[in-house]
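Should a chain be cited, it is by its letter among A, B, C, D, E and F, assigned in written order, with residues numbered from 1 in that chain.
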């Protein structure tokens, strides 16, 4: 258990929480090393860097996942993560909507529908 | 000259500055309406909304353009725009680098090379 | 209720019909402004332009959604929309198939399967 | 020289003209079979089908290439091809602009700039 | 029934097996010609070429489908196909994981989850 | 200088050679940590794994870069890398061509043209 792993695990728990833990566990019997890279590289290296705080990082992540398309599962985890680090539901919706001119309506709608389901699950109402 | 256009033009000038003006002008003889939509919709509607400030919006834009790929021209304008609204060169680099786990190295490298050229043009050194 | 909204709503109803109405309603409690932009910009501005008729516009839309990937929900709406504006089932299938050399088989197959489900729902048989 | 090849070559010449010929020739010393598949499959099979005429097919192609991104070289050929089969410059611009709500501004702008260069080369003015 | 069709069908059966047959059958009432092109072009032409053996071709296919995103249905068929032509479960997982630096974690995770389901269906355990 | 870095550097030199070194150097004044991640993660972790040999890994990489689009710079490096680890020019061309049914002609053509330039630079003739 090296330092990057420990730092990454701590960060993964703080950002993604149960959703992140679920991904790592789901990889155990097929590709445990992939889970290790998520922890060590994505969280131990990248998410542990300075210059941007966790709220700023989540804005970047939401945009990357919305734009990429076909990443609904990861979006769900990172919409929860965005709430975990302190973005408000309105800021999350706003960040996704900001992508329309760059990414087009279809992928933005797909992401908004994931946010909608996630907010319903957590019994959150967006302040309109 | 409607209200959305005026608000959009003011916002486009504040965010994209000369780069944005150049895009609108380059469309004049082929698709002036497209330039109008950039002004009215992208800037008069979306960029004029609340909830997120301009620095936050630029983080979302940088991520969308980096992730999409093949948008080097727009990245150049929005790296300049990010500087215009107050993101530091280090924050810009950091936002692009944050995309690696989501978007992969190739598109992140492409975006970093655009940042590098843009910083050289503006005689900016990234604080390492 | 401005002119763009009214024109957009009329056009949305004509093109997307119930499917489009459903999208707008599903946004009401999370991102009503996004629904407004779909109406005002996508339909009030873009879909209301001249030069191309609605059948031609649907050919462009079907190709954009097929090529983009991961937009099955929007494809379903726009396959219905294509029927609404007068494209035949065979022309819809043909437009999707025309994308193979550009977009590859997987995304074309995904789109064709959406068309298949949509035609079954509407009890439509493709003339072979 | 089989029937698909002959039909494809005839069609390639009619649609893409010199641009298409140039692609085939540029493949001669590295991947001549790829050129053969362009002729036989893309043009001998797909472009030779019925249901949609060549103008309609070009609308689909323009949308697929605009949406895909990074296909400027192919867009240039197919903007010329669209002119060859009778689409007007305004219809070509309109088809590309129609992609904005689906594909976003950046890729649409990239495609418009290719159209602009192509029209200048052919000394064509878009009627505004 | 031409030679390309026969060769393609034989190859499709060898590589994709039942999964491939299912695709062709599912196209019968909506786009049988698309099924024919899968057989004749994808398998009769491309998959029947030399220079690379079937295991090598499956590595390329797995990477293309993982990278493209939104092609879970095709991935399932080609993970089965990869087993059919002799790649081990560990090699399949490894090929998908190799895409992380290029394609990012989200699409790689999506592909790994398809592999996981496919292996469970076939009662296969990955040797870790 | 940790173990992952040393292993990654050795591997980067073996696979990418001068091209890889150039990327790392070009990042020195803007994002040296990004270069470090390329070395440590992409090469020290991923490229140093077992199950697949370097030729197999290059097939996966070529496919990922061809499919992704807009990664001509990285393709050039990895076409050279593929030669470095022992793939023949014909196998490289074949791997790229194998992507046609999945990725479509435009991105495959783009990749083939990068291969053509790379082979000319190295004075390599493809055996046809």
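Quick note on the criterion: contacts are C-beta pairs under 8 Å (C-beta built on N, C-alpha and C of every residue); 3 or more make two chains touch, one makes a residue touch a chain.
Predicted model only: the values in this text are computed from it and were never measured.
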Which of D-F and D-E has more C-beta pairs touching across its chains: D-F
Separation of chain A from chain B, taking each centre as the mean of its C-alpha atoms, in whole Å: 23
Centre-of-Cα separation between chain E and chain B, whole angstrom: 39
Chain A and chain E, separation of their C-alpha mean positions in angstrom: 30
Residues of chain A whose C-beta touches two or more other chains: 33, 37-38, 41-42, 46, 49, 65, 68-70, 74, 93, 97, 100-106
Chain-level touch network, classified as line, ring, star, complete or other: complete
In the complex with chain E, residue positions of chain C that touch it: 69-70, 93, 96-97, 100, 104-110, 112-113, 115-116, 119, 125-126, 128
Chain C-touching residues of chain E, taken from the complex the two chains share: 23, 26-27, 29-34, 37-38, 42, 65, 68-71, 73-74
Residue numbers on chain A that touch chain B, as the complex places them: 38, 41-42, 46, 49-52, 56-57, 59-68, 74, 90-91, 93-95, 97-103
Contact footprint of chain B on chain C as seen in their complex: 33, 37, 41, 45-46, 49
Residues on chain F engaged by chain C in the complex (per definition of touch): 100-106
